[in-house]
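In the part that follows, the structures are each spelled out as structure tokens.
Same chain, two partners: chain A is paired with chain B first, then with chain C.
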Partner chain A sequence: MQSQLLLQLIINGLIIGTLYGVVGMCFVLIYKASQVVNFAQGEFLLIGAWVCWWLLTAWNIPFFWGFLIAVVFMMAFGMAVQMVILRPLIGEPIISVIMVTIGMSIFFQALMKWMFGTFAQPFPPIFPVDKVNVLGLQVQTAYLMSTGVSLAIMAGFAWFFKYSKMGLAMRATAFSQQVAQSLGISVRQVFALSWGISAAVSAVAGVVVGMVNGVSSALSYFGIKVFPAVILGGLDSIFGAVVGGLIVGLLENLGQYVDSQYLKWGNLYEIIPFYVLIIILMIKPYGLFGTRDIERV
Partner chain B sequence: MADAALKLEPVAETGAAPLLAVDNIEVVYNDVILVLRGLSLKVPKGQIVALLGSNGAGKSTTLKAISGLLKTEDGEITRGAVTFLGEKINGIEPDKIVRRGIFQVMEGRRIIADMTVLENLRLGAFTRHDNEVKSDIERVYEFFPRLRERTGLAGYLSGGEQQMLAIGRAMMARPKLILMDEPSMGLSPLMVKEVFAIIKKLNVELGVTILLVEQNARLALSVADYGYIMEQGKIVLDGTAQMLQTNEDVKEFYLGQGGGAERKSFKNLKSFKRRKRWL
Partner chain C sequence: MAMNTMRPCGDYRTSYKADQTIFQTRLTMLICVAAVVALCFAPFFFSRYVLSLFIQIGYLGIAALGLNILVGFSGQISIGHAVFFGFGGFASAYLADKGVPVPIAIVLAGLWTTVVGLIFGLPAARVKGLYLAIATLAAQFILQDFFVRAEWFTGGTHGALAAPFTLFGYDLSGDDKYFYVVLFFVVVMYLGATNLMRSRDGRALIAVRDHYLSAEMMGVNLAKYRTMAFGISSFYAGIGGALYAHYVGFMSVEGLDILFSIQFLGMIIIGGLGSIMGSLMGTVFMVLLPEATGWLASALSGSIIDQALHLKSGITYMREMLIGAAIIMFLIFEPDGLAHRWRQIKTYWKLYPFSF
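Here is the complex of A and B:
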């Protein structure tokens, strides 16, 4: 029974960890491309989930199309946020930019509450069965889907940054905006696109989590949870974000196990990622996979 | 001879309009620092033009003013015009200038260290939408056979190899004009020779026009068709490469060949207003 519970928690940890990883990648994408620490990342999940929920419940659109429209909308939304709010801030001190993203976070959260109310709203049932049995373990169908989608997104990111022209352009921009411009890359386009992709992919994660827990402002806590994940992995490493996400997801669930079985403190689940974050930063200040520049003259 | 060369109109000027014309530009950094004060030069199609001068003369600034990268450093052309193929290009975003056919190989090579050689080359072709990118990569490898063997990150290449990659990356854009900033910087003498041979080859075999900024005046003039010498943000002397190589002042200050006894003091020179060293 005990080991059964442990196994279940580990599976949960990996599933939620891949989601953290995906949102972490989105966070790192924005940071790498445009050097903005986006504290409104969680709100991208929230808005995406609400838009999808609204399309499904108010317009009775089939899930697939509602999902697709929400993602496309969030792509445009992310680009608009960059172009309207953040573009004028290019060159301003980093603290101003951070304050603006924190402001955006508060604003969007309030806006969502105003538009859709403060109560959690369940998604209409999408899968015929709620949970499926995988090797004797109960797994939410939505989570199963989420893992599939997350892995697909990760593979997509890997391909995008390795082989696509725009992905290379984003890496070049992350390396040096001046060099990117000297190669004919429009840095403005890269910034807008990175925000667009980040918001769209975050919306996917938002919908998936919303399907399991219902849509409510709690979704935006993902943005905070993702913070230890990306710092753990190294703020500028997309791969690190995935690993960091998995570690945080696992830690949360193992923390819960230790807590419920032995310690009985009651809140280790929430806290443990941050403890580990502090310890890792003391040992490796750049995070696990964060890079220092290659120097060779 | 020096006086004759001081005329504003370049001697080698032919009737045809030059590929690039910089006309009396003034460049200001951060709204206050005046770096170029009325600089003019012309780059005829198919030639290598060398732009020489001491540190801080404004050579790199001139190149950045042409490529538009000045904007990324808070600089601005406040007066004058840069004309490329008959169209005024100052004030245009740098990425659009690349699309028009001007590609700058920046000082210090600036290859993307955390990418592979191949990825760097593919990025060079960012502005292109044809399907000859693959064959162009092959051509770069033919120019620089040693790049083919380097499969790791570009940051681990030697300085010379990085310079080759930077030039190869420029070739990938198929530019009409390459602005080359200090290609010899930090390279061994042998490697410098190799790089300059390649610059000449680029010009002769591919017909690329090159505006070359260099500290190493001797080498630059050995490959160039025409040369400009600048001091304190202005052109002070220009002429064909041969003419400059034999000019007494150039010999003394840039080629390190001493002049006669009467040339011991800078203040005797009218054509060179050198900055006083203690200032």
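Here is the complex of A and C:
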């Protein structure tokens, strides 16, 4: 029974971990392209999930189309945020930029609460079966789909940055904005597009989580959980974000196991990533795969 | 964040000493003293409601000043100020419960919070900028979790009772009497901060903010001053929190969430980063903002806008949105905050017909 529980938790951890990895990738994308630490990443998930939910329940649009519209909307939304709010702040100290994203985060969170209420709303059922049996374990269908989608997104990112013209332009911009500009890359476009992609992919993650747990403002907590993941992996490494996400997801669930079996402290799993975060910042602040150019103080 | 101080015509500074006075001119000093004296008579004129707003501005203003020393003067960022505020409150309640007289408990709580702040500020000695922001974010969640868990200290989820403020046997707990306690602390803490910024340590903090490499070459110990800024900021937060606890008589973990931390950030951004009086102005703004939305909502109740937006039920969210919007707007349009605007208004009057 115990090993069964442990196995279940490990599977859960991996599934949640891939989601953290996806959100972490979005976060790193913004950071790499435009050097902005986005504290409002969780709100992108939240808004995307609410928009999709609203389209499905209020307009009775089929899931596929509602999902697509939500993603396209979030793409436009992310670009709009970059152009309206972040663009005037280019060149300002990093503290100001951080604080603007914090302001955005509480603004949108409150707006969503106001528009849709504070209670978790379930998604209308999308799959005919709720749970499927994988190797003798009950796994939610939505989770299976989420893993599939996450892996697809990761593959898509890999392709995008390796082969597509825009992806290469983004990497060039991340390397050096001046050099990129001198080569004819529109840095403005790259910034806007990176925010757009990041918001759209976050919305996908938001919809997936919303399908399992229902849509509520708890979704924005993902945006905070992503910090341990990206710091662990290294702030500017997309691969690191995925690994960090997986580790954090596993760690949470293992923490829950240790907690429920031995310690009985309660809600250890929510707090354990932050202890890890502090330890990593103390001993290896550039993370597992990040570039080592942090200025030591 | 250049401090372009406006001085009257003909008032030239010929020595460093003259450049470092607490008050720029005799007149500013007189105005400040007069303002404090005038505030001493406030309880005779204002209602309890207005006094409670004053008290709120007082204890939040002290904590905001602490955050401004950290963010505005030493150029670091903390997204966990609320938990230090809360820690001060719990520590003071705990000490008062153990029999320490309340005025001493408040100061001890401040020192206690300093130690906690130094512990969480340790990453500041190694990393900077956004990494530090994330470390303080972790501090926010870890300490919040600690408050729920440590029942011996905080009373767990039930909260802790804080003894009323007494001095030499006199009970100073009502709004009209507690007002003087808060006023005393505000004056002492603000004078303390002004003095700190005149001293070698204060200048070192600003040097670390402006150009840390040059500061290090001048012999400023970066790690020491960065951590020290955390300590000072936590001390102010602790005192503010302790004053809050003894004012309300009760301290609970509720409300010490990240939103409260962001409110503190909002106060100093709106008031002006790196401005001591700006912290107070920002606090006034932030305290009056929810009140103003309340008045506005009740004024609009029953009208078309109210029916369309359900103002009554949405008012808490509207406040949060306004806080967020205010932070964004100020950072984009007025990054130096209200203090800067205030200086401009003063300059305008001083130079009135010839504004150049």
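Simple rule for what comes next: the second predicted complex is superposed on the first by the 292 of 297 C-alpha atoms of A that agree within 3 Å, B and C clash if a C-alpha of one lies under 4 Å from a C-alpha of the other, contacts with A are read in each partner's own complex, and residues count from 1 in each chain.
In the analysis below, a contact is a pair of C-beta atoms (placed from the backbone, for glycine too) under 8 Å apart; a residue touches a chain by one contact, two chains touch by 3 or more.
It should be emphasised that the depicted structure is a prediction, and the values quoted were computed from it without experimental measurement.
In the overlay built on the shared chain, the residue A:Ile185 is in contact with chain B alone; chain C does not reach it.
Once the two complexes are laid over each other on the shared chain, residue contacts for A:Ala169 go to chain B alone; chain C is not touched.
Set against each other, chain B and chain C touch different numbers of residues in chain A, with C touching more. When both complexes are overlaid on chain A, the residue A:Phe274 reaches chain C alone and has no touch with chain B. In the superposition on chain A, A:Gln177 makes contact with chain B only, not with chain C. Contact with neither chain B nor chain C is seen for A:Ala58 once the two complexes are overlaid on the shared chain. In the superposition on chain A, the residues of chain A contacting both chain B and chain C are 294-297. Chain A makes touch with chain C in their complex at residues 37, 85, 88-89, 92-96, 98-100, 102-111, 113-114, 224, 227-228, 231, 235, 265, 267, 270-271, 274-275, 277-278, 281-282, 285, 294-297. The part of chain B that touches chain A in the complex is made up of residues 67-69, 72-73, 93-95, 98-99, 103-104, 106, 110, 112-115, 119, 122-124, 126-127, 153, 155-159, 169, 173, 186.
The residues of chain C lying in touch with chain A in their complex are 71, 75, 77, 79, 122-131, 133-135, 137-139, 141-142, 145, 149, 212, 222-223, 226, 258-259, 262, 265-266, 269, 314, 317-321, 323-328, 331-332, 335.
The part of chain A that touches chain B in the complex is made up of residues 165, 168-169, 171-172, 175-179, 181-187, 291, 293-297.
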